[in-house]
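In the two complexes below, subunit A is the common chain; its partner is subunit B in one and subunit C in the other.
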Partner chain A sequence: MSVATETAAPAPAPPRKRSRLEHRPGLNRWLPYALLAPAVLLELFIHIIPMLVGIWMSFVKLTKFFIANWSSAPGAGLGNYKVALDFNNAVGQGLLKSFGVTVVFSLVTVAFSWVLGMAAAVALQPEFRGRGIVRTLFLVPYALPAYAGILTWNFMLQRDTGAVNHVLEQLHLSDGRTFWLIGGNALISLITVAGWKLWTFAFLTLMAGMQSIPRDLYEAASVDGAGNIRQWRNITLPSLRPVNLVLVLVLFLWTFSDFNTPYVLFGTAQPPAGDLITFHIYNASFLTWNFGTGAAMSVLLLIFLMIVTGAYLLVTGRRSRRA
Partner chain B sequence: MGPIRLRSSAGARDGTRESDVRLRSLVAAVAATAMGISLAACGGGDKDDSSGGSTGDQTLTYWASNQGTSLDNDKEVLTPVLQKFTQETGIKVNLEVIGWNDLQTRIQTAITSGQAPDVVNIGNTWAASLQATDAFLPFDGDAMTAIGGKDKFVPTALATGGKEGTDPTSVPLYGLAYGLYYNKAMFAAAGLQPPKTWEDMVAAAKKLTNPAKNQWGMALAAGSYTENVHFAFINAAQNKADWFNSDGKPTFTGDGNVQGVLRYLDLMQKDKVANPSNAQYDNGTKSVNDFATKKVAMVINQNNADSSIVANGMKAGEYGVVPFPAPTGGEQVASHVAGINLSVFKNTKHKDAALKFVKYMTDANTQTTLGKPFSSLPVLKDAKPVFTTDAAEAATFQDVYNTKSKPLPLVPAEDQFESTVGKAMNAMFAKIATGGTVTADDVKAALKTAEDQVAASS
Partner chain C sequence: MRETRGFKIYRGVTLTVLGLFVLVPLYVMITSSLKPLKDVQGAFTWWPSNLTLAPFVDMWKTVPLAKYFVNSTIVSVAATVFSVAIAILAAFAVSRFKFRGRTVFTTTVLSTQMFPGVLFLLPLFLIFVNINNSFGLQLVGTRLGLIITYLTFSLPFSIWMLAGYFDSIPRELDEAALVDGCGPMGALWRVVLPAARPGVIAVAIYSFMTAWGEVLFASVMTTEANRTLSVGLRQYSTQTNIYWNQIMAAALVVSVPVVIGFLLAQRHFVAGVTAGAVK
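Moving on, here comes the complex of A and B:
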């Protein structure tokens, strides 16, 4: 989101006359804090404190025997982490598998969404009749409530009654008896649905970014004889670099912690091939009432995402400075 | 999770899935924040937050589970019953009906936050797990006397109320049992008799299966882990195998367990009497609908399937019910003791009123009033089933419930048994449906993983 505002920031407002407030130093000093206070408090209660509670939970044995009285839960030290990271036992192995699935899912989904978003943004760059309509059409997956969209996919991907199998059968591409929501195909379905939901955001962001690329660059390039592909590679792509840096990171973080898509698409019958990590953690804590282990897994996920984000920003930041 | 997936309620569940998800995440967020606040406040002190603490105006909060055809239907059925209670005792009851997808999470949140209702319906298979949380009132001698004494209940039903040898923390409210429903016309046309053994059942199913015409012998809710785990339990019980030893430790990998699970999987794999599509049936409604619309000849379901079958156009006389058969020489277990229990939260401010309410709900009159709309079996001794007009069907189910059913393991880890073994079976059915093969060794390996998961978190 910040991308759009950043690149399309309006020109700074002209300096105003001195406001009355500046004549009242006492109020002036406190006003910023007063205005910030609600935000700070909300941030504290909605983000910081629950996060700290989550971290505390990961160090106690918070099973069904203790959830009625939290304070009585015995400390577990690093026990919950040991269980989650012991890849020789079932819990650790499950987490590792789920992690692998999630990595594949995220990388493919981000690539898929970015490519599609970029293609659409480029296609809609030149003005033509009906561009507005096509743009609006492309925004549908983003405007649709996620649950409605995913549930529709769930219907379409049914084996016997789904539209996907019906179309494939009519086109003689399959016998129309493919399972899409169980077995190995589940991952393909999951990526398709998540990508379908996400590419519009990539499209929107890239399109907004392209608005700020000066037209004359392209004109000069075509005078020099550069083709469309060359223009895209040498003008569009470098100009969009700051947008892309943030976009890819945001897309990655969103897909990696995607919960809604597997939850709504698979319901309670989630297949191993679609066992994304947030969903896995949810099952580990809510189905087995073992909130300590669940919290430990969440903290591990948090640490992993922080490392990835930090490394990403470090690497891309360094390159930017060099450029 | 919810071990009792009621077929009649499942239609409503699908429709509300969207809001369920939102509600669930909301509840989780609220719970986390609430915990954060109470921690930040370092609050000792008593939690005098519920209203109506005085004895003058008593209002009970009651969370009912979804037993009728929809949440609204439940409300319609229960409201007059609750009004009668208010007339008799002056105690008001604040009713909320909660769908099965939400119920366990809601109870979890209530336990965690202390913001609980006074009385709640639970799936009876959760009883021992919920008992372990220590959030529920034990029905000790006094409390049991207050609700009319333990002798009024069917003993097997009462046995589901908690761990053996302890004061139960729940008492039976509605009874349910599995039965094998068969289509009388199809059986007559093929010259078949209702099966008495597993072998009979498979032979009949094979005869009535014709994949080319999309006609199958049986429908299985093979994508529903709660259904699957019930059949893992029943089939293993027929092999005289248990899932937990006397110390409450999991024993999932015994030969009887493995063979029992494999026997059920083989209905799709070896015997091929069930459509592979069934691997995607994530609730019992779907298999019951196949039976009601005459796409399949048999379905194994709990007795509350009746309402769905009739709603789908099949008349009462067109189907018969026999006990779900065991293999020749096997133990005659045809069902687990299924049903709904009633629990009182320990931190209730209205203990006496809550006990009066439990007494009223488990009273013979109330049981008769609710037995028909909720298609339930009576949990009281000497009571007659009223959920069907078919006397033979009623007798079959009552016989299964009273003499051929075994309670699911009454151990705290029961809920984990359900989710791990049930989901392992989902995955194995999926493998079979997509063309793979599941051998006894594969079953054993899958059950070993489930066992490790349970052992790791207990």
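Moving on, here comes the complex of A and C:
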């Protein structure tokens, strides 16, 4: 980023407090809006309007008969929400179970990814020979298209031909006949596969954050006799606080709405233990073509994520102000 | 951090364990792509007993991989070009102008990035179907629909990252250009953009990766005509056979361009993430 200063034209710009761009009121008034227009229009068309349509959909009976002719779909009031939240019938129970699985998946995957990312970032903090190579290697899972990595794991987790059972058998940890993609182990598989990609993102972010911690902090602490663990607790962790706040939230939102991992790992035959909520909504909508219920579930998911995000920002914000 | 003996042991153990975690799947992917079909259908072996390049030849015949490749390339390149161009304009406005609605714009755009895709999926699918019915513009099952959708996916992060990059370029440079008789757009084109080149490259690679790896919308918005790689690779599992060696070969081939691109630009990428985080 230092390129900028090197290419500086030697023109003696008069010292002004306000930018010259801001001195042209006429142009200044409409130009920024013109520059933003394409981005705003696209965001409206692909994100904002569909979201509003989605909310409308959740209040109508939008079954397959009305998909091409949606304006004639009859209203459903809160009917779709009642179906989705009636935990005594199959639809409601399915959603509740899927929600529970997703909470566990999300929390464990975020913790797993953060711990591994932090461990690697700390290990690579001091310079040593080969550091660049290790760092590059660790970024490969992140750079790989998600489906390519998940397909490889899918192959490795096959019961009879997979590498995972082979290794476990050789280490005498199991008889090598474990099912990983059906039954109760599906959740473990999901966490491993999602974590394999996600921890490298945590690593990337934490590593970037550590680069901006001044070195003299560590040196001063060393002089005071603080060991590495205390330095990590008293310097690294507090300095990374703003990075961590954003990182954990982003990891949570990503994992909670993860679709790729269950979809590529299980195909359409998802085991109940691996029924993540996005995948659940997807199947509920496209297997039955009942978009109304699917939309209601999506809105409920959105409300949940907004509440969690809001509470998270509130709590962390209050704590930082006190600190 | 002092490099005590304890730290060296910690580093050795951590890097070995994590290195294996990362490497083993990559190793399995590469070696399995070099095995004949019967070897991937039997018990797993670490080393291929019969090395063969046949999977890399056969994978083009088992499924129309070349067609998926063309589709993915056209969609990803087009989405990247438009996304980067639009993000540059928006980031320039956010970074260099004070105007009403600036904060609303940045927060709204960034928050759309946070919402789960399934939220837009159903309504967007429905909107596309109805646009087709009313105006005859086909967006489901065409590359155009995918391009429009994908370019918005990378837009929020690209605007945010580029605005951070532009902020780091001294304003005196623009002003010098203005004194020399450039308009604001001239200043963007001649001064800001050249200085922000690493950022533009990083954003372009990010956009390309996003489009190239997208699964959710591709699984709904594609038919045989515009199928992309992310969904097309599933076709190797037929009722009678799963061609794991060809799947691994294809996964390897589709990964190489994006991985190389990302690794080449990783420094800019880290710089961009840091610039954003510091803000």
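By definition in this document, the second predicted complex is superposed on the first by the 298 of 323 C-alpha atoms of A that agree within 3 Å, B and C clash if a C-alpha of one lies under 4 Å from a C-alpha of the other, contacts with A are read in each partner's own complex, and residues count from 1 in each chain.
Here, a contact is a pair of C-beta atoms (placed from the backbone, for glycine too) under 8 Å apart; a residue touches a chain by one contact, two chains touch by 3 or more.
As the structure is a prediction and not an experimental result, all values here were calculated from the model.
Of the two partner chains, subunit C is the only one that A:A120 touches; subunit B does not reach it. Shared-chain residue A:F87: touches no atom of subunit B or subunit C. Once the two complexes are overlaid on the shared chain, A:D160 sits against subunit B and subunit C alike.
In the superposed pair of complexes, A:M207 makes contact with subunit C only, with no contact to subunit B.
Looking at the superposition, the partner that touches the larger set of subunit A residues, subunit B or subunit C, turns out to be C. In the superposed model, A:T309 lies in contact with subunit C only, and not with subunit B.
By the touch criterion stated above, A:T152 is placed in contact with subunit C alone, subunit B being left untouched.
Of the two partner chains, subunit B is the only one that A:K64 touches; subunit C does not reach it. Shared contact residues on subunit A (touching subunit B in one structure, subunit C in the other): 45-46, 49-50, 53-54, 67-70, 145, 147-148, 151, 160, 259-260, 263-264, 267, 286. Only residues 1, 3-5, 7-9, 11, 13, 16, 19-22, 27-29, 31-33, 35-36, 38-40, 42-43, 45-51, 53-54, 57, 62, 67-70, 116, 119-120, 122-126, 128, 134, 136-149, 151-153, 155-156, 160-163, 165-166, 196, 200, 204-205, 207-209, 211-212, 218, 222, 227-228, 231, 242-243, 246, 250, 253, 256-257, 259-260, 263-264, 267, 278, 281-282, 285-286, 291, 294-295, 298-299, 301-302, 305, 309 of subunit A touch subunit C when the two sit together in their complex.
By the touch rule above, subunit B contacts subunit A in their complex via residues 1, 17-18, 21-22, 25, 29, 32-33, 35-37, 39-40, 105, 108, 111-112, 114, 129, 132-135, 223-226, 276-277, 279-280, 282, 412, 415-416, 419-420, 426-427, 430-431, 433-434, 448-453, 456-458. Those residues of subunit A that touch subunit B in the complex are listed here as 45-46, 49-50, 52-54, 63-65, 67-70, 83, 89-91, 93-94, 145, 147-148, 151, 158-160, 179, 181-185, 259-260, 263-264, 267-269, 271-272, 283, 286-290, 293. Put simply, subunit C touches subunit A in their complex at residues 1-4, 6-7, 10-11, 14-15, 18-19, 21-26, 28-29, 32, 40-44, 86-87, 89-90, 92-94, 96-99, 102, 105, 108-109, 112, 114-124, 126-127, 129-130, 133, 148-149, 151-152, 155-156, 159, 165, 168-180, 184, 187, 191, 194-199, 209, 212-213, 215-216, 219-220, 229-230, 233-234, 237, 244, 247-248, 251-252, 254-255, 258-259, 262-263, 266, 269-271, 273-275, 277-278.
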